[in-house]
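Letters are used for the chains, namely A, B and C, taken in the order the chains are written, and counting of residues starts over at 1 for each.
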Amino acid sequence: MPAERSLGELATLVGGQVRGDPGFRVEGVAPLEEAGPRHLSFFSNRRYKRQLEASQAGAVIVAPDDVSLLGAVRPALLVSNPYVAFARISAAFHPVRKHAPGVDARASVHAEARVDAAATVMALAYVGQGATVGAGTVLYPGVIVMEEARIGRDRVLYPNAVVREQCVLGDRVILQPGAMIGGDGFGFAFDPETLSHLKIPQAGTVKVEDDVEIGACSCVDRATFGETRVGAGTKIDNLVQVAHNVEIGPLSLLCGQAGVSGSAKLGAGVVLGGQVGIAGHVTIGDQAKFAAQSGVHTDVPANVTYGGSPFLRLADLVTEVRHLRQRVAELESGRAGPGGDGKGPSRS
Amino acid sequence: MPAERSLGELATLVGGQVRGDPGFRVEGVAPLEEAGPRHLSFFSNRRYKRQLEASQAGAVIVAPDDVSLLGAVRPALLVSNPYVAFARISAAFHPVRKHAPGVDARASVHAEARVDAAATVMALAYVGQGATVGAGTVLYPGVIVMEEARIGRDRVLYPNAVVREQCVLGDRVILQPGAMIGGDGFGFAFDPETLSHLKIPQAGTVKVEDDVEIGACSCVDRATFGETRVGAGTKIDNLVQVAHNVEIGPLSLLCGQAGVSGSAKLGAGVVLGGQVGIAGHVTIGDQAKFAAQSGVHTDVPANVTYGGSPFLRLADLVTEVRHLRQRVAELESGRAGPGGDGKGPSRS
Amino acid sequence: MPAERSLGELATLVGGQVRGDPGFRVEGVAPLEEAGPRHLSFFSNRRYKRQLEASQAGAVIVAPDDVSLLGAVRPALLVSNPYVAFARISAAFHPVRKHAPGVDARASVHAEARVDAAATVMALAYVGQGATVGAGTVLYPGVIVMEEARIGRDRVLYPNAVVREQCVLGDRVILQPGAMIGGDGFGFAFDPETLSHLKIPQAGTVKVEDDVEIGACSCVDRATFGETRVGAGTKIDNLVQVAHNVEIGPLSLLCGQAGVSGSAKLGAGVVLGGQVGIAGHVTIGDQAKFAAQSGVHTDVPANVTYGGSPFLRLADLVTEVRHLRQRVAELESGRAGPGGDGKGPSRS
C-alpha cells in the first residue's frame, strides 16, 4: 500500500504549482471516473469536461489554461503536461516491486554464466553458459536465457519470457510474460532437386536497446546475418511479430498484433496501430503513423499519417458508388443534365 | 479407453427418447464421416443429409423432425438439440483426465502460498507468495502463478500458462498452453522534455469469471486501475489480444487472433470472428456478431451482425462498379435511355 | 567459429564449378551488402545488380548466365540455383549447435517416459508419462512434453515450447520458442437450457510430419476427433494459428500471424502471406498463393495466386470510381458522347 503524500510534495516531484492547500493529503491516483475524495486525478483533454465535473476526485492535475474548468473549491496541481505529470506521480505511488537479489536454489544457472550479485533469479528460471545478467535485473520463474545472451541492468523479464543465444538486451528493458526474443527468422530456399525447403541458417542475433518494453507473446526473430534491432525507448504491445533483420528506430510504438516483415526499416517515432501489417524490405520514415489494420506494401515517407482500416475507406467508397449509381440512373431516365437541375436536358 | 454404454443409458443422460433397441451398445462418438457401426453420431443440419446417408454410424442423435431422414433400420436417439446432446455424450466418453492431488517435489510453491489439499501442482510449476489455488485445480508443468493471484476450484492450467500478480480466476476456468493473464497494459505518456515514453503503472488486475476458457498464447492484460474483466462462460480462442481495462460480458466467443483494444466494452453473447479488431473505448451491444477480419471503430448496438471481411464487401463493390462502368459506357455511346432498354433515348 | 574452406571444397559440396582460383579461402558467407573480401556471397536476382557491383565479397555464387555481370577478377562458384547453393554452404558454416546427450539432473522426466540415450533433455524441461523422445532430439529448458506424446529423431524444441498429450511429431522437426502443439480446439455447443457454451471434448491429436518447422508462439490445436495434420516439409512462421482438424499439405509456407480456421484443407505447396485468414471448412488447392492480409472464405482451386491486400484492391477501385465520377459528370453536363470524344452528343 503506497504511503500518503502531500500535494505540495507531488508538485515538487513534477515541477508544478499548487492551487489551494499544498498540505492536502493524497492517498493515491485514479482516473476521473474512479477517483475518490482522497485521490489525485488528471484532466488533459476537454472532451472529458463532463467527467471532470462529475468526478469525486479530491484534487486534479490540470494545465493552467484549463484550471477555470475545475471550479473554485478543489485543490489543483498546475503543470503544462498533466498526463506526463500523472504518469510520474502514479509511478511514485506504484513503485516497481522489489525482489531480494540472489539466485533461488531452484533456478538453474550455468556455472559459466555471469549473474551480477545484485540481480534476482527466481525459482525455475534458467541462465545458460556464458550468459550475463546485470545488476538490478529480475528474472521471474520460467524465464529462459540461453547461451551467451547478454542482459543489461535493471531489467524485468516476466514469467516464461525467452531470450535465445547471443541476443543482447540493454538496460531498463521489460519483457512481458511469454515474450520470445531470438527465434530463428523465417528463411528457406526451395530446392527443386530434393523437393524441400532448405533452411537458411539464421546466424545473426537480436539487439534490443535501452528502455524498450516488449509485450506478452510478442516475437522478435534473430537476423539471418547481423542483427534485428529494436531502437531505444520503443514500446511493443502483445502478440506483435518482428521478423528477421527488421530495424525499428527509437521511440516507436507497435500496438497489439501488428506485424513487421523481414528486413523492413522503421524510422524513429513510428506508430503502428493494432493488426497493422508492414511488408518486407520497405522503409518507413520517421514519425509515420498507421491506423489499425492498415497494410503497407511500399515505402512511406516521414510524418505521413496513413490509411486507416480498409473498412473506413470502404465506407467512403460505398457512399461514392451509391451516389454514382443514382446519377447514372437519372442520366438513363433522361432526368439529369447540365447543372444537375434534375430536369434533364432539352432533347429536341 | 472409455467403456461401452447402452443407447438407453445415454438417452437418460441427455433426456432423450430411443427409437429402436435401447440395449444397442455404443463404443464411442464420432462425426458422420468417421463413425463406425459401434459409434453414435449426430445430425443437426440438413446440409449434411448426404453425409448422413453415407455414414457407417451404428446410431444417430437426431431431432424428431429429422428422424425420417434416417431410414428405418438404424437406432436413433431423439432430442430437440442434437449438437448439445452430442456435446454431453462426448464428454461422458472423454472425461477430463484426472490427476492425483498433491504438490510434486519438483514444483516450486512458496511457503506462504495456499494450495488446497485437493489441488494438483505438477513438476516445474510455480506458485508464488500469497497465491491461492482451489480444490480440484490442476497446474501443469511450467505453469507460473505469481504473488497473490487467486485461482478457483476445478481449474485446469495447461503447460506454460502464466497468471501474474493479484489476478483472479473463478471456478472451472481453463487456460490453454501459454495463455498469459495479467501482463502490463500498453500505456505510455510521451514526455517531450526527456524525449521518452513514460510508463503508466498498470496498477490494476484481471478478473476472469467462472467457466471461462482462454486459448493458447492468448493475452489478457491487467488494468491501469481497477480490473480487466472476462465475463462468466466466455470462451476465447488462441492468440487473442484483450487489452487493459477491457470488459467482456458473459457467454461471448472470441475467435482466433481477434484483438480488443483498451477500455472497449463488449456485451453478453458477443461473437468476434477470426482476426477481428475492436478499437479502443468503443461499446459493443449484447449479441452483436462480427465476421472474420472485421474492423470496428465505433459503438455497435445490440443484435447487429456486422460487416464481414473487407474482401466480401470489396467483391460486391467490384461487381457494382463494373456494372456502373458498363452503364456509363452505354450512356456515352448514346445507347442507354429511360427504362434501361438498351435502345438509347430518342434524341431528335 | 566455423573453419575456413576452399572454394573448391564448397563447389564439390554443392555440385558447382569454380571460375578462378579453387584454392581461394572462404571464411564465411554473407549477403552482398555485408560481405567482406574473405566472404562468399550469392547473386540470384538481377534486381540486385547494383549491390553486386558495390559488394566487397571475395567470391560470389552465381548462375552461369549471370557470370558476365561479375567482372573478370572475382572468383565465382557457378551453379544453376545460387540461392539453394548458398543455403547449403551457409549450413556448412553454421552447423546446428551440438548438445551432449543425456538428461540434466534438473529436468523432470517421468519414470515411464522413453528418452533415447542419444537425446538431450536440458534443465527445467519436462517429459511426461509414456512420452517418447527420439535419438538426436534436443529439448531446451522450459520445454514441456506431456503424456504419451511422441517426438521423433533429430528434433529441436526451443525453450518453452509445449507438446500436449498424445501429439506426434516426426523426424527433423523444429519448434521455435513458445510454439504450442496440441491445445484444445475451439469447439462449443450453446445450450439454451443451461445458458452455457458446452465444451466439445477435443479427443483427437496433432500429427506434425517430418521436416516441419513451427515458429515462435504459433499454435496448432488438437482435433475434435482424428488429427490435425501439418504435412511433411511445411514451414510455419511465428504467431500463426492452425485450428482443430485443419490439414495442411506438404511443403506449404505459412507466414507470420496467418490463421487457418477449423477443418480447412490446404493442399501441397500452398503459400499464405502474413496475416492471411482462411475460413473454416474451405479447401485450398495445391500451390495456391495468397498475398498478405488476404481473407479467404471459399474454396480456391490449385495454382491460383489470390487477391492481395484489401488495400491494393481498394487502390484500384478508388481509381476506377474516380474515373467513373468524371465520366458521369461529363455526361450530366452534356459534354460526353458516343466515342467518348468529350464533345457531347448531338442533341437537336
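To be clear about the criterion, a residue touches a chain if its C-beta (ideal position, glycine included) is under 8 Å from a C-beta of that chain, and two chains touch if they have at least 3 such contacts.
Please read all numbers here as calculations on a predicted model, not as lab measurements.
The two sequence copies subunit B and subunit C touch through a face in which the numbers common to both fall below half of the numbers used overall. When the CA atoms of subunit A are superposed on those of subunit C, the rotation angle is 120 degrees to the nearest 5. Measuring from the averaged C-alpha position of subunit B to that of subunit C gives a distance of 26 Å. Looking at subunit C, one finds that residues 124, 142, 160, 178, 217, 239, 257, 275, 310, 314, 317, 321, 324, 328, 331, 347-348 touch two or more other chains.
Residues 108, 124, 126, 128, 142, 144, 146, 160, 162, 164-165, 178, 180, 182-184, 186, 188-193, 195-201, 203, 217, 219, 221, 224-226, 239, 241, 243, 257, 259, 261, 275, 277, 279, 294-295, 297, 307, 310, 313-314, 317, 320-321, 324, 327-328, 331, 336-340, 345-348 of subunit B are the ones touching subunit A in the complex. For subunit A in complex with subunit B, the touching residues are 30-31, 34, 81, 83-84, 86-88, 90-91, 93-94, 97, 104, 106, 123-124, 140-142, 158-160, 174, 176-178, 211, 213, 215-217, 233, 235, 237-239, 251, 253, 255-257, 274-275, 292-293, 309-312, 314, 317-318, 321, 324-325, 328, 331-334, 347-348.
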